[in-house]
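Here subunit A shows up in two complexes: once beside subunit B, once beside subunit C.
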Partner chain A sequence: MTATVVRKRSALTKGQLPKFAPYIVLAVALVVGAAILALIGFNAFGWGIVSAILFAVGLVSWSGAVEGARKAKDKLATCLVVGAFLIALLPLISVIVTVLINGIPGLITPGFLGTSMNGVTGAFDNKAAEEGAPVLGGIYHALMGTIQITLLATVISVPVGLLTSIYLVEYGNDRPLARAITFFVDVMTGIPSIVAGLFAAAFFFAIVGPGTKTGAVAAVALSVLMIPVVVRSSEEMLKIVPNELREASYALGVRKWRTITKVVIPTAISGIASGVTLAIARVIGETAPILVTAGFATTINNNVFGGWMASLPTFIYTQILNPTSPSNPGPSDQRAWGAALVLIILVMLLNLGARLIARMFAPKTGR
Partner chain B sequence: MSKRIDVKDLNVYYGNFLAVEDVNINIQAKSVTAFIGPSGCGKSTFLRTLNRMHEVLPGARVEGEVLLDGDNLYGPGVDPVTVRTQVGMVFQRPNPFPTMSIRDNVLAGVKLNNKKISKGAADALVEKSLVGANLWNEVKDRLDKPGSGLSGGQQQRLCIARAIAVEPQVILMDEPCSALDPISTLAVEDLINELKDQYTVVIVTHNMQQAARVSDKTAFFNIAGTGKPGKLIEFADTTSIFNNPSQKATEDYVSGRFG
Partner chain C sequence: MTTNSLTTSHGAGRAGDKVFSGAAMAAGCLILAVLFGVALFLVVQAIPALTAPAADIQGGHGFFAYIAPIVVGTLIAAVIALVIATPVAIGVALFISHYAPRRLAAGLGYVVDLLAAIPSVVYGAWGAAFLAKEISPAYDWLATYLGWIPIFEGPASATGKTILTAGIVLSVMVLPIITSLSREIFLQTPKLHEEAALALGATRWEMIKMAVLPFGRPGIISAIMLGLGRALGETMAVALVLSSGVLTASLIQSGNQTIAAEIALNFPEASGLKVNTLIAAGLVLFVITLGVNMIARWIITRHKEFSGAN
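Moving on, here comes the complex of A and B:
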């Protein structure tokens, strides 16, 4: 007599894939992918591509059969987004891994950071390659050169760029001059770096003399590349300072330039500082403009205003292209990879520094 | 320490657009005057012309005279910066400087102008201004904390303290309570009542009850239609504006028939 309770499915639900469905599909896709690749000749790259396509097709069609078209489209979009993310991430990881693997032997060689290439000849490299003697020579001169050239470029670009952006935001009012500046800054952003180098070389050729190659010339070339970046980022930062703060300051009887220096810039300083740091990170790896403006040196030169100067990118370039010992390029390769690792670490430190600066200067909100 | 304001035949333009037309008004010293009217009738625009803050907006200009105790604000050679040290302003949304502490916010008018002030005098000024803005008891233990950490009503009173720290003759308030909750509004209204002992206060408000509560005199502005200039319709004692207005439009507005 007891009525059997038929557990009816809620009218509000539809079929659902189990939570572990993606893992099943992934496993199947990997296995089938491996099988297909085994037929036509196995390689890891092809395996990844085929498995990814199989995974997307399998998951989407299974979901379409069980859950309906809307959920299937959702799964397809998820697959595309994740796939795009992986494709974007792969080269980055690959670069970091390659540079780490190749660069660490160079970096941990004693004296790599503390010595220059002065007096290091092919004979030493042959000895290192053939008899296992330690690789001599280092990047001290290039590191110093990079730091000095970049510092001088920053000292030139930041005042010019910041003042330009202040003019654009606070005084420009969309006047013809302001619009012209914006246009030319945009054009400058697109200048190929070698052209900036040629410009600086020709400029110093005209005012100092033929063949002037010093760190200062390189710094001018880098400034040409840096200024538009600094102008653009500072302009954006100054624009987002609320007008209310400017008005509050004017209403207290504060003059416009004091309002700018004491209210607007302090409010925007964290963004400006991180923009400047990113601009530095952008130019620190430039090779071509430095090669045509500062030349290349194997000795330590701490005078940016006289003599040729080495830098990390040009050091890498010459070590790879003209190994110290043409018959045994191994030690030169090792030094080049080590220098590349140092360059990447420098850029990473700059990015970290930008975040720290942004956090340090950010307006405080705590109680 | 307060001055009267007399406005004669004032027109305000944005570019070629006449925003406010032909205002004549006499604002008494040591009183609270409220400007009421529907949105877009030019009351805030007119308020800004009383300390030349409208010049911050591109294309804004005026014709006519605004006399501060007889001195024309728009006379030749008058420096708008001097005008603004005499006529302070409090804005609709509380806008303390986010990079400064509570103390530095109060001292902003002094410090931003690079005036030298001894620490003792600065402390005294901070206390006097914050007491004057009814905020001292709430913040005296955390003067070095950022001003943006206060509640909205406290921030607005901080902005009032900042405005009175430069010791102006007149304080203009542009809808000072419209972003505040009722309790904070009450605190600010109490403050306005106290401020009129020392300052000439002019307040723009959307809230007719607020105008009735705080002001001695009320000016009603209206606009004939979109694209037409705003006009001063009626200016009289607050009680007569609300109980016995002489103009039909005023009566319609205060009785809630439009606006």
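Moving on, here comes the complex of A and C:
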């Protein structure tokens, strides 16, 4: 008896769409979508949208005809979920492309990173826009301001945040104080950034004098935003340190504070460091609190405790809203986008750094 | 009598313990003090604006006439953001937790988190320079064909710098918040519930409808509330995108204003009573977001107690 292999559709797979059905529908949808768009004026974005709708309608109705309503509903849900993801990608891609296209001309202008806006007036910008002279001015002062303000904010937030998380995990024991701190750290996470800025401004207005605007005020405002992030991430990391390590240390007669500084923190340091880096990445792009606390300077100011200070986000903001030359905003826009590109690169580097730190300093497991 | 050498402590060790635990507790108390300080200083600086004669406040009709329209504007922008972001965010969260191939899921989650990493001022610049321009033809279309609905009443803004554009930019900014929280909740769905549904012959969508969504509902609600808190307090996107004005019903004309943007636009040049007025506005914003966030936290903790999650 010779076994003849006959590919027959078994009863089990009857009433199902073939595996390649989505590809057929996709191809048809793309062709029909292109045809429709050709009638009303072609553009790639519209083509994508029309094709996606045609694909969903086609696949769902085909499935409804062959497989029944339940399967069709399932297909519809899948289309919607995947569609939602694609929609979410659109702004991300669009933002990054916009910043790259507009930012690169600014960034490659000679002196963009090395000069400040000191002495750059509307006259220079008019010249640049009308006669093609090089765009003068740069972001050196803003970059320095951002670095100093963020550094000071980190210096304030990290000890406070880390000690608080140590209190919550090691000493808290669910006491009323620990529960109150946990609750209010949650509340602090939700403070709008501009309110944090107003708080720092109001605080220094009351203590130092009305109109006090310096880098240090901005650093305090950023700390208000940064501390809860540091507390939450360090708390999570300290919690997952195995209790056996602490008990082994106690059994050797080591004091609690030595146990914490020599055993618990070194074990959790990778997570804590990456949490701190992510917190820095979060506050380095904050605009509103710096706007109301440090003002905006056009010159280099290396003293965080005196005088107005520029920062990258406020530089972008002011260059867009109040161009240096109101009649020719082009050069200002170019500088703003260049600064935006630098800012995004900084934030991405910090995010990447956080991941690297988490991997590099992870405790050796011996395996 | 001699003291047992085991019970005498070496001074240095005990002092170290005391100092360390004291410092830890002091840091915790400092946080409480700071938060108390936030409330206190805002209230103290806000009082002059609340007690000043009505004619001295900007607009000339007292603080409440000044704050009411921008509170409504803030709510409008936040509601637009949530209406757009919520369905998309839940879809993305489901995609990452239940649809994407498992190997890709973590990477895709990271891509969505990138949305949260982009600074708000960059979103503002993008909204003002790119989105507003690209979207204004759509507003013309809305004004022409749906103009009979009050919120789409024409003539549409020629620049596209409207509250609807600001709301769309805000929706992009709250999307990662709602997504990451919902994703966490969806991943916590008991595997047995899912498998039981599938074993009974449910399709994937039926399984999600019967097992995942009911389990995740409190989590989704609190994620939306936290997104709302962010949308209410977001400053730069609105300050850069919206060409502000008086309160208007139409979403596609220029007009309306939010509290945060009002503060950011006016505070740097403000002086005297104007400063107090803006700080009072900040206090109002603080109270609103505080309420929203506390409701969200309350839902989360209430959910924790009986769900067995965590």
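Some points to look at:
By definition in this document, the second predicted complex is superposed on the first by the 301 of 367 C-alpha atoms of A that agree within 3 Å, B and C clash if a C-alpha of one lies under 4 Å from a C-alpha of the other, contacts with A are read in each partner's own complex, and residues count from 1 in each chain.
We adopt the following convention: a residue touches a chain if its C-beta (ideal position, glycine included) is under 8 Å from a C-beta of that chain, and two chains touch if they have at least 3 such contacts.
As the structure is a prediction and not an experimental result, all values here were calculated from the model.
Judged by the touch definition given at the top, the superposed model places A:26 against neither subunit B nor subunit C.
When both complexes are overlaid on chain A, the residue A:255 reaches subunit B and subunit C alike. Legend: residue contacts after superposition of the two complexes on their common chain; A:300 is shown touching neither subunit B nor subunit C. Of the two partner chains placed around the shared chain by superposition, subunit C is the only one that A:94 touches, whereas subunit B remains out of contact.
Residue contacts after overlaying the shared chain place A:147 against neither subunit B nor subunit C.
When the two complexes are overlaid on their common chain A, residue A:57 makes contact with neither subunit B nor subunit C.
With both structures placed on the common chain, the touch criterion links A:358 to neither subunit B nor subunit C. Looking at the superposed arrangement, the partner reaching more residues of subunit A, out of subunit B and subunit C, is C.
In the overlay built on the shared chain, the residue A:266 is in contact with subunit B alone; subunit C does not reach it. When the two complexes are superposed on chain A, the residues of subunit A that touch both subunit B and subunit C are 255, 258. Of all the residues in subunit B, the ones that touch subunit A in their complex are 51, 53, 56, 58, 81-82, 84-85, 88-89, 91, 93, 95-99, 108-109, 111-114, 142, 145-146, 148-150, 159, 162-163, 166.
Subunit C contributes residues 13-14, 16-17, 19-21, 23-32, 34-35, 37-38, 41-42, 44-45, 87-92, 94-96, 99-100, 108, 111-112, 114-115, 117-126, 128-131, 172, 175, 179, 203-206, 208, 226, 229, 232-236, 239-240, 260, 263-264, 267-268, 271, 275, 278-279, 282, 285-286, 289-290, 292-294, 297 to its touches with subunit A in the complex. Taken in their complex, subunit A has these residues touching subunit B: 173, 242, 244-255, 258-259, 262-263, 266-267, 363-367.
Residues of subunit A that touch subunit C in their complex: 70-71, 73-74, 76-78, 80-85, 87-89, 91-92, 94-95, 98-99, 102, 159-164, 166-168, 170-171, 177-178, 180-181, 183-196, 198-199, 201-203, 205-206, 210-211, 224, 227, 231, 255-258, 260-261, 281, 284-288, 291-292, 295-296, 313, 316-317, 320-321, 333, 336-337, 340, 343-344, 347-348, 351.
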